């Protein structure tokens, strides 16, 4: 296998090197890629969409259709991971372990046994290790700021590097950070599985639904200028707002899918303590 | 509304997939009706679109209202009009037919399963309808990712096969992406028609040639063209019935469509057949593919796996037909996309019924099936006869065009390969029929006075009706071959190709 | 010789991406461990991303976010030469997402395989299958 | 020539196809058989209703679908097709009656399946008869192959399985492996596959490839059982006797011979064959088959196997007659389809009746059987006469014309072949009859009490035996059709 791999890699590499001879030199301003479509984008974006960040405009408007499917790709991945890993039929261990948070006392409850009614107990696995106080505290402090920054990244995507994907990933990371610094159960308490899964769909639905709304308003799919009549702005600004709407949808979808994938992969679909 | 058909074909399944995923959390019983409704709308739209294309010619749909090549546009011509109709109809019929087996195999995960199912159909339809080379890649990945999930749900070696498929599929898709990148760096455009307009000045460029080769290899991996086929048999065999009868008919065929689209639209026949003198070797490669597919099928003792090797041979048919470099061969290849999708669906649905009842598709499981499941086997016979290539089923007529193309191109090796594969298919299918028919041998040879036949134990009606519809379609498509070729495929091939 | 060196220098982005890509491809084919293959796959995909992004680079240009963008519509004349090509960035955002998605599914599959065979070494898994 | 467009040919084909669901779903055997008769009678009536028009020289045409440029799935009823369709459909009625007797007497399993596929096979046979072009003919030819497979392998035992394999190997193997490519090459050379008097190659330059094509098409239709592709037929004798009777004496094998006739007259055309001297080639192949098959038949002890080899020889008469390319010879060949059918089906019916009544299959076990089953054995005698070609049976006429044909074509060797093989025919049939009736009581293996097979078995064979005699006195219909078929 090693030799085959080497031969294949060398053959393909040789073909690519051979082909590279005809490529324009690096950073050549006269290359076809830089002279054919990109000038239009650079010079007309402001007029046509009123969005200074050209990447955002191209991403969510000129090629918004790609981006919708990009969101769908990540959604599909989340769904596929869920389908593959999630096990509902959890074989209950004979005894469950609970920890009294205030005192640190661990209780072992036999099958059929009941806990005293109190909120101070948390379920733990048999392999439970205590959380590190420093990590736990620092993360708790950091997470709100991380999330705040993520919202900024989503909202400010029109004017600076950023947008739904980036912001969504940061948001998702904040919850994942919670899961890493404490355990999966804590994170799932904050962001229940069902809510998370539903929000995934809702995020993509916001994007696709916006497109479908344009279609219902009489223009082509994803032609945000159709939203002008709904948003009471001119058609150029409508495009700008349309981009914002779909970026929000992307943000939600990406955040939730990241969390979803993490939850399933880290716990092998069992949603126990996790890593 | 008919102006919006191109968008509806893709958007309705997409939106429905999202709704299904929500429904999966709320009430599982809604998933199936939504799936069927969405696929029915898609099928209706794509058939409506096909008829519009027949009336008006190529339809361009600008997504987001942007003119191509700035934005993404859908180009629907006769070629993808036909493939769209086939894909959506196959998906719809299979969704109805596999309801019971999905409920039997994973009762808890109906929601996610249908979500992925519909998303996969979205991806496949999107691949076919799009006119943008990069958009195609994104949809390719949707179809692939959902496919990995659907395949891995099969027990046993399912996950491992799916993982191998994932490696190969990713390499294939990445090669395609790289090829598109090469085209982009040379032309600056991503729109297929636009690229085709710019390319003629660059025909001598090494980079364009490399782009062509890389794209081709990419789609060959994805369609399991011999010798890049290794992932396919296990992946399709170990998939659950509902998945394999969706994936087996459609994925390879859609990839063949992509190859033909690359040959005809992006690179144009002039470049593909005349400037690059690779037709002959590729047809020889497909001859090998057909022979190997047939021979490997012979050694299998599992019905489903045997069929997967037949798929590999069939891929050889279509690649070879497309690369014969003449009009008749190309007609045969395009016709065979439609026909093969339908007949593969037919046999896989039949196998699905068998697995549903008998819980296996090993040859030993098939004994006495003609008694036990006469209706399923009846439809299976029609599918098998079509795969063998017997008139008036559709499989015969695409074979007719392919062989005619081979004769016109003077490529008798390809003709022999096609005939050989037909004969091997006779052996393969009749070996199966023999087991279903003769075994288990009764004690009373000859005149079975005291034979107590096993009672009939057929699959449910919801599984049988779609199967019968497909079987009937096989014959009808065969009888209407003339119309399909004259009114659709004739216009799907550029005039320049004779 | 000088020509050769100048070619190598002028197109070094391509050589880097090809090298990376071949490392990834080799790992995918030759490695025995299923997760190492996944790692190879990621390198492979990333190399392509690198290739695309390097297409977009333009000498003397800045990131494709218009200056003075906050003011309103087109008061300032925008010169295409001042900004790099935005399209490859857009495309690669998609490719990155696809890469992440593929990685997620691949890991999920690897977990399933591990649960089933208790190993991720391909030859050991195949040996187990043959034994059945 | 007048051309009538009518859906009748399609109806004639479909009538037995459409009743198959009814047959398959009927619970009571009597209902099932009643439907079989309804279909059989309807089929004959539809076909017969077209006879007057055909006798006037008209052609009845119906196009089902234009499938490939220049080639349609199309029916055309001409004199030759009519001759064949009449014979096979009218004998279906008789065979249906016989099947009832035979199958019920032996308590065979899966009778429903049997009747369903029988009906399918008949559809295919008439389809072949009425095909207007090679593609349609191929379609029904293949349909017949697959429809008869379950009939041949009816017993579902290992022997049936072996025979079924051989059957498929020869029949389907040749049709896909030889006929299909030959047909496609023809199509690509000429752009059409339509049968016509001039042949589809009219106007094209004769080439060496045509010889190859001719051989491919003549041998490829392996149902004609021309040597060396004959050995499926004796193997197929594992089938129940009614199947052997109708299918392997009339429908299937005649479909093969008929296809070869179509190839010779409709695809290549008499002129082309004469110019290229290809007729002689086919003649010699056929003559070889005639003599060899007859010699082999002499050595067979199994009655059905002897009949099978006899059939192989007789089929080649048909091919031989047409390949003589002389008008008389062609008339002889074509009428032989009908005459041989009546004779041979009688013989098979008798073999079946003997098996039903006594369980005997071998000739050596039938000494003295005439005393027990006189009606059957008299019918057997008549059938033998017809196959040998002696008056007062219809077989005389076809053989007479064949002999005249050899003279007309100036083919003395063929004359010798015909006469020689007639002697051989007599040699392998007459001793059976002789021993059945004229043996000493010590030799006789049976009691002297008359004990025939059930009436459903005996009546059909009487009908066909009488039919053979009637054809001697009233052969005009078939002779006229044959004369029309050769264009005069």
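Labels A, B, C and D are assigned to the chains in the order they are written; within every chain, residues are numbered from 1.
The criterion applied here is as follows: contacts are C-beta pairs under 8 Å (C-beta built on N, C-alpha and C of every residue); 3 or more make two chains touch, one makes a residue touch a chain.
These numbers were taken from a predicted model, which means no experiment stands behind them.
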Contact partition of the other chains, chain B left out, is A, C | D
Contact tally winner between A-C and B-D is A-C
Relative to chain C, the most remote chain by C-alpha centroid is chain D
With centres defined as CA means, the chain nearest the overall centre is B
Between the Cα centroids of chain A and chain C the separation in whole angstrom comes to 19
Averaging C-alpha coordinates per chain, one finds the centres of chain C and chain D separated by a number of Å equal to 70
Between the Cα centroids of chain B and chain D the separation in whole angstrom comes to 43
CA centroids of chain A and chain B: separation to the nearest Å works out as 32
Check: chain A positions touching at least 2 other chains come out as 16, 20-21, 23, 31, 33-34, 37-38, 41, 63, 66, 70, 73, 76-77, 80-81, 84
In chain B, the residues touching two or more other chains are 134, 138, 141, 145, 148-149, 152, 159, 184-185, 190
Listed in rising order, chain C residues that touch 2 or more other chains are 25, 28, 55, 87-88, 91, 94, 98, 101-102, 105, 109, 112
Among line, ring, star, complete and other, the chain contact graph is other
Every chain pair meeting the touch definition is listed as A-B, A-C, B-C, B-D
In the complex, chain C touches chain B at residues 25, 28, 34, 37, 41, 44-45, 48, 51-52, 55, 87-88, 91, 94-95, 98, 101-102, 105-106, 109-110, 112-113, 116-117, 125, 129
Chain B contacts chain A in the complex at 4, 7, 11, 14-15, 18-19, 21-22, 25, 61-66, 69-72, 108-109, 112-113, 115-116, 119, 122, 126, 132, 134-135, 138-139, 141-142, 145-146, 148-149, 152-153, 159, 182, 184-190, 205-211, 213-214
Touching chain C in the complex, chain B uses residues 134, 138, 141, 145, 148-149, 152, 157, 159-160, 162-163, 166-167, 170-171, 174, 177-178, 181, 184-185, 190
Within the complex, chain D is touched by chain B residues 385, 388-392, 397, 400-401, 403-404, 407-408, 415, 419, 422-423, 426, 430, 434, 437-438, 441-442, 445-449, 451, 453, 478-483, 485-486
Chain A residues touching chain B in their complex are 15-16, 18-24, 31-38, 40-41, 61-66, 68-70, 72-73, 75-77, 79-84, 86, 88-89, 194, 197-198, 200-202, 204-205, 208-209, 211-212, 215, 219-225
